[in-house]
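All chains are identified by letter, namely A, B, C, D and E, in their written order; residue positions are counted from 1 within each chain.
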Amino acid sequence: MRTLFPILSVLAVLIAIWYAAVAPMNIRGALDVAERAGAEVVPPDARARFDTSVWVLMANNPEHIAAGYSLDRPRLPTPQQVGQELWKTTGEMALKGRPMSKRSLIYHGWITLQSTLWGFVLGTALGMAGAIAIVYSRVVDMSLMPWAIISQTVPIVALAPMIIVLSSQVGIEGRGVPKAIISAYLCYFPVLVGMVKGLRSPGTAQLDLLKTYSASGLQAFLKLRLPASMPYLFTSLKIGIAAALVGTIVGELPTGAISGLGARILIGDQFGTPLAIWAALAAAAILAGLLVTLLDLLQRITLRRMGMQA
Amino acid sequence: ADDVTLQLKWVTQAQFAGYYVALENGYYEEADLNVTIQPGGPDIAPTQVIAGGGADVTVEWMPAALAAREKGLPLVNIAQPFKSSGMMLTCWKDAGIATPEDLANRTLGVWFFGNEFPFMSWMSQLGISTDGKGESGVEVLKQGFNVDPLLQRQADCISTMTYNEYWQVIDAGVSPDDLVTFKYEDQGVATLEDGLYVLEDRLDDPAFVDKMQRFVAASMRGWKWAEENPDEAAMIVLEYDETGAQTEEHQKRMMGEIAKLTAGSNGTLDPADFARTVATLLAGGSDPVITADPGDAAWTHDVSSVLN
Amino acid sequence: MSWLVFALLFWVGAWALNAYLAHSPWSGSVPVRVAIPVLFGVTLIVLWEGVVRGFGVSPVILPAPTDVARTFAASTDILWEDFRQTVLKGALSGFIIGVLAAFLTAILIDRSAFLTRGLLPIGNFVAALPIVGIAPILVSWFGFDWQSKAAVVVVMVFFPILVNTVQGLRETDAMQRDLMRTYAAGYFDTLIKLRLPAALPFVFNGLKIATTLALIGAIVAEYFGSPTRGMGFRISTGVGSLSIDLVWAEIAVAAMAGTAFYGLVAWIEKRVTFWHPSHRSN
Amino acid sequence: MQDHAQAAVIDHGTSTPVISAKSLDLTFQTNDGPVHALSGIDLDIGKGEFVSFIGPSGCGKTTFLRCVAALETPTGGSLTVNGMSPDESRKARAYGYVFQAAGLYPWRTIEKNIALPLEIMGYSKAEQAERIVRVLDLVELSNFGKKYPWQLSGGMQQRASIARALAFDADILLMDEPFGALDEIVRDHLNEQLLALWARTDKTIGFVTHSIPEAVYLSTKIVVMSPRPGRITDIIDSPLPKERPLDIRDTPEFLAVAHRVREGLRAGHAYDD
Amino acid sequence: MQDHAQAAVIDHGTSTPVISAKSLDLTFQTNDGPVHALSGIDLDIGKGEFVSFIGPSGCGKTTFLRCVAALETPTGGSLTVNGMSPDESRKARAYGYVFQAAGLYPWRTIEKNIALPLEIMGYSKAEQAERIVRVLDLVELSNFGKKYPWQLSGGMQQRASIARALAFDADILLMDEPFGALDEIVRDHLNEQLLALWARTDKTIGFVTHSIPEAVYLSTKIVVMSPRPGRITDIIDSPLPKERPLDIRDTPEFLAVAHRVREGLRAGHAYDD
C-alpha cells in the first residue's frame, strides 16, 4: 500500500501528460482525415499544413482536435486505444477460449518468455562463472574484463544474423537456440559486472579475518564472498532479466519474424498498424515488470532470511 | 521423402503464396518432398543463409543474387516464377512531381539491404546523383519497413511494391489521385524479382538436380493454382502466418496483384529478361552493382526444363 | 589444418605468457596492464583467423580478420563519415542530454520520498522496453537524421543513470547522516557535502552502462530509417549485399569507439572516486 | 553569553537545567522481541555542567546521548534541551557530537573533514583555516592534515573526529567514548585540554567513558547506569574543585568518589547476571 | 602438546622463540610520501608467553600484529613464526586474531559469527554448539546469540568478536585492543578469564592495549613502542608470579613495573612532538 499509492499517482500524472500530448502529435493526421472527408480545414492544402506549426493548426482548427483522439493510424495513440488493443489481443482472446491462438499476445508473450528464460539462465550462468573466474584469477581478470566490456560495445543487431547463420551451420535446428544465445549475450554482462562488484565487496577487514583462519578459496567464497554479494546479485539479476527480454525481442527480428513479441512489433511496423506496435510494447513492459517484481520478491525473502534489512 | 528447406526473402505474405499453396495442397508431398519454409525478415540475407547451409534453395531478387555472385558466392537461378517487377516509386502529386525529371532536388525513400540496386541504376540512367539535394541530385533516405515517411511527408517519394506498400498508403486514406507512381517496368529499368536460387556446386549432383526439378515443378503448380484461386491462396498464406498480425483484406488484395506479376511465367527464366537485368545493373553509373557480365553461368534451365 | 594447429598453439603460448605476466612483479605496471588484454585479444583474432582458414569458412559468413583489416584500411573515409554521423552526432548528443536530464531528475525526485517510490518502479518498467520497439516510433517522430537517434539514446541512458543516482544518493551510512543532522545541515549542504560524493561511485556505474548503451542505441535506430550514412546504415546494407568484411570493419569501429568512451569514463571515475575502497588498493 | 560563562561554571548544578529528562523510555523492536534500552531515566543537567555517563556495555549510554541529540526518538517520557525539544535544539545547532566510531568522510582529507561543520555553519575561509590549525594542534595531528582517513591508525582517526567536534562553538558537547582508543599519555593530555576548554567556555558536556578515573577527574556529575532495561543507579555530584591538576587523582576525595562509582557499577553488573 | 604445556608456561621467556623479528621494517607508500610504520624491530617471543604492546596511537602496534599474522608484508628485516614464515604459519592455522574493530559479518547472527571459524576448520555440529555456548557465556552474551550484529552496542560487538577468536584452538592469539570499548568491571572479569585460559592452555598471546595497568597485570613481557618511525623503546620482563589475583595491582612490584612503562611511554611522546 505504501508504494502502490505513489505509483498510481505518478502513473496518473504520466497518463494525463500523455493524453495532453496526443492533441499536438495527432493534429496533422486528424486534419488530413478531415480534409479527405470533405471538412473545412485551415489551411486547406496539405502541403501548406506541413509547413505550419502544430500549435497554429490547433488554434485554427479547434473543432478537429478531438478527431486526433480516435485515429486509426495515430502518431501517438491514446492510452485508451493502447489499452483496448491490448485487451483485444489478450483478455478478449482468453475469454473466447483461444488464449493460445496466433492472434493472441498471450501466445506471443509466452514464446518470448521461453526464450527469455533460457537466455537468462544461460546468461546468468555465464556471468556468474565469468565473475568467479575474474575474482579468483588475476590472469582472467586482466585479460577477460576489458573484452567483456568490448563485447557490449558490439551492436548485437549486427551479430544477430551471423549468430543465426553460424548456428545453423553447426547443425542447430530451429530458432530457439540462437534466440537464447542473443538474449544471453545481452544478459551476461550486467550479471558479470554486478557479481564482480559483489564478490569483491567484502572489506579488507572481513577478508583478513578469513586469512587468519587460513580458509580455503572455496570456503572464502561460500562463507564470505557469496553472502556479501547477495544484494548485488539480485540487483544485477533484475537488470539481467530485463536485458534478456530485450535481447530476445531483438533476436526475434532476424530469426525470421515468425512469432513472439518482436515479430509482432516488426509486422506492426511494416503494415502500418501503430496500435499493434504499442500493444506489443505494452505487453513487453508488463512481462518485464512481472519478471522484475518476481525477482524483487525473491530478493526480499532471501535478504530477510539473511538478516540484512532489505 | 527428400528434405528441402526453402528460405523466403521476407515475412510470410501472399508474395510467397505459391510455395504455401504447394505445401498446403500436398503438391510437395506428391513429389515425394518434405519441404520446410523459413520466412525471412529484416536482417535476414537469404544469400547468407544459403551460404551457411541453412537452406537448400532461396527466393531472392536477381540484383542481390548477382551481387552475391560477384562477392564469390556462386548462386545460380534455377527458376523464375515472377515475370515482371512490382517495384515502383510513389510520390505526392502536390509536391509538384509529374515526370522522372522532377525527382531532382527531392527527398526519396529507398529500401537498402540489397534492394537498392534497381533504384541506383535508374538514377544513374536519369543522370541524377544520389549524394544529396541539388540541381541534379536527390536526397536519399534509407526507409524503414513502413510507409510513414511518405504519410508524414518526411520524404516526397518512397519505394513501394505494387502489391504491398502502395496499398498501405491507400489504406491510410490517401486517394490514388493525390499520388504519382513510377513503375520500374514502365521506366525500362525493371530487374527480375523473386526467383529461385541454389549454390552452383550442388547442381553437379544429379540427385540434387532431380530433387530441385520436383520442387520447382510442384512450386509452379502451386503458383498457377494461386493465380486461379487468389482468395483461397491468400487464406492459405494467412494460415501459415505465425505472427497472426496479417489481415485477410490485405493478403487477398496482395494475392491479386502478385498474380499479375507471375502471370507471364511458367517458371522458366527467359534469357532475354536476364540480359535486360544485367544490362540495367551494369549501367549503374559510378558505383555499379556488378562490374562485369556474370555470363550464362548465373542461370540454368537444367532444373526448369521439366516445366516444358 | 596447419592453420588450426598454429592457432591453438598460439593460444596456449599466449595464455602461458599472460599467466606469467599477471603474476610477475610488474603486473601492476601500465605496460603490462595494457599488454595482457591486448595479447588476449590478439589470441582471439589468431584463433578466428585459424578457424576461418582451417575450416575454409566462406567470407560471406565470417571473413578472416586479415580481410577485415584490408577492408578497414581501404574504407577509412566511409568509416570516418559513419563515425561522425552515428557516434559524434547521434550517440554523443543523446548521451549528454540523457545524462543531464536523468541526473537532474534524480536530484529532483530524491527530495520527495513520494516521487521516488512512485517513479522508480515505473522507471524500471520503461527501462525494459525493447529498443527495437521504441526506435521505429521515435524515427517517425523525430525524422531520419541524427535527431531521432539521439532521442533513442536519451530514452536508453535515462533510466540506468536515474536509478543509479537515486540509489547512490541514499547510499550514505547512518553515522555519516547523523553527523550532518547534529550540524543541522540544510538540504543543499547535505546534498553537496555528503550525498553527492557518496553517490558518485553509483553515478559512475550508471555512466559506464550508459556509454555502451548509447552506441548500441544509435546504431540500432538507424535500422529503422536513416540518411545514407551512419554505422547502422552501413551494417544493415552491408549484410544485405554480403559485404560482410565492411560490416566487421564497422563493428570494429563501434567496439573501438565504445571502448574508448568507456575507458574515458572509467578514467574520470578513478580520479574522482579515488577514496572508494574499490580503487584504494595500491 | 561569553561574559556570564564564568558564573555559570562556578555554581554549576544549581543553574536552570539545559537538558532535562523525565521518566524517559526507549524500546527497540527487534526480530526476537523488544529490547528496553532506556527505562525511567530522570536527569537534569545544568548549564555548564560536565556530566559523565558510565555503565556496563549495552546499558544505553549511547542511546541516551542519541536521544539528547535528536538522533533517536524516545518511546516514552519527556526530554527537553534548552527548554525546547531536542529536535529544535538540533536545528539551532546546539550540539557538537563525537561518535563512538570516528565516521570521517573518506573523500575528504583530515583538514577538510574538520572544515566540514565550519563550511556548513558559514565560517569565513580565514576563520576556517585558523581553527583547523588550532584543533589539529590540540589533538596532536598537525602533520596529518593532508592525509586521508584510511591512512591513519584507529586512534588517530578518533582524534581527528574529536578535533572536528571542537572546531565550532556548540553550547552542548556530546562525546561517546572519545578517548577509548588512545594511550594513557595522550588521554591525560586531552583530558587536561578538554577541562581547560570547558573552563574557558560555557559548554555543557555529556561524556561517555568506561574509565572510572577519567569520569571522576573530568566531571561535575557522574551518572552510573545499569543495563536491561537501561536505568540510572546512581548520580554523584563531584566535590572536587574546578581547578584540577592531574595529581588530584591521588587525593582521598578523588578516591572516595571513584570508589562510589565502582560500587555502583558492580551493583549494575549484579542485576545483570 | 598439551602435556608439556605446563612446563612451557613456567619457564616462559627462556623457551625457543615462537615469534622472532630481526630488524623488521615496514614502510607504507602514501600520496604524500612514505610513512615508516615500523623500523628496526628486534623481538623474540617464547612459547607460552603473554606479550603486551603499548605505545602512542599510530606507533605501529596494529601493523606489527598484522605482520605476524601475515596480513602485511614487511619491507625489510626478517620475521619467523614457529620457525616458518608467517604465511606458512597462517596456513597451518596458528592464529586467532581479534581485530581493533569487531568486524562481524552482518548477515550472520552472533552465534553464527562465532561458528564461522569452527565451520571452516571442520568442527562437528555438536562440538560447534558446545563451544558457542561456552564462549558466549565467557563474554556474557548468552542471551544475544540470536541477534544480528547491528542490534548490539559497540562493546557487545567487541565481546562477540573476542568470543569468536576464543572458540577454536589456535596456538597464537593476537588481540588488538580487545577490551578498549568495555567498562572496568567487565574488563576485569575478562582479564581474569583470559589469564585463566592462558594458564590452562599453552597459548602464546600478543596483546595490544592502551591501559598500563592492564598491560602489567596480564603480561609476562611488555613491549613499549614509540611512533614515527615505530620502534621499540623498552622491553620489560615482568617479575610478577604466574598466579595473579586482581589485588596484585596494589603491590609495590606491580606499581614499579607500571611506573617503568609510564616512563617509557612518556619518552616516546617526547620523540614525537
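Rule of thumb we're sticking to: contacts are C-beta pairs under 8 Å (C-beta built on N, C-alpha and C of every residue); 3 or more make two chains touch, one makes a residue touch a chain.
In this text the structure is predicted, and so the values were computed from the model without any measurement.
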Touch-network distance, chain A to chain D, counted in steps: 2
Length of the shortest touching-chain route, chain B through to chain E: 2
Chain whose Cα mean lies nearest the overall Cα mean: C
Where chain A and chain E are represented by their mean Cα positions, the distance between them in whole Å: 55
Gap in Å, rounded to a whole number, between the CA centres of chain B and chain A: 34
Centre-to-centre distance between chain C and chain B (centres being mean Cα positions), rounded to whole Å: 38
Chain C-chain E separation of Cα centroids, rounded to whole Å: 49
Sites on chain D at which at least two other chains make contact: 31, 101, 148
Two or more partner chains touched - positions in chain C: 61, 136, 140, 223-224, 236, 239, 244
Of all residues in chain B, the ones touching two or more other chains: 42-43, 45, 48, 51-52, 144-146, 148, 152
Chain pairs in mutual contact under the definition given at the outset: A-B, A-C, A-E, B-C, C-D, D-E
Chain A-touching residues of chain E, taken from the complex the two chains share: 66, 69-71, 90-93, 95-97, 99, 101, 103, 105-109, 116-117, 119-121, 148, 174
In the complex with chain C, residue positions of chain A that touch it: 2-3, 6-11, 14, 25, 75, 138-139, 141-147, 149-150, 152-159, 161-162, 165-166, 169, 190, 197, 200, 203-204, 238, 242, 245-246, 249-250, 253, 261-262, 265-266, 269, 274, 277, 280-281, 284-285, 288-289, 292
Chain A to chain B touching residues, read off their complex: 28, 32-33, 36, 45-47, 50, 73, 75, 101-104, 107-108, 157, 160-161, 164-166, 168-169, 253-259, 263-264, 266-273, 276
Complex contacts: residues of chain A adjacent to chain E: 205-206, 208-215, 219, 223-224, 227-228, 230, 306-308
Contact set on chain C toward chain B in their complex: 58-61, 136, 139-140, 143-144, 222-228, 233, 236-237, 239-244
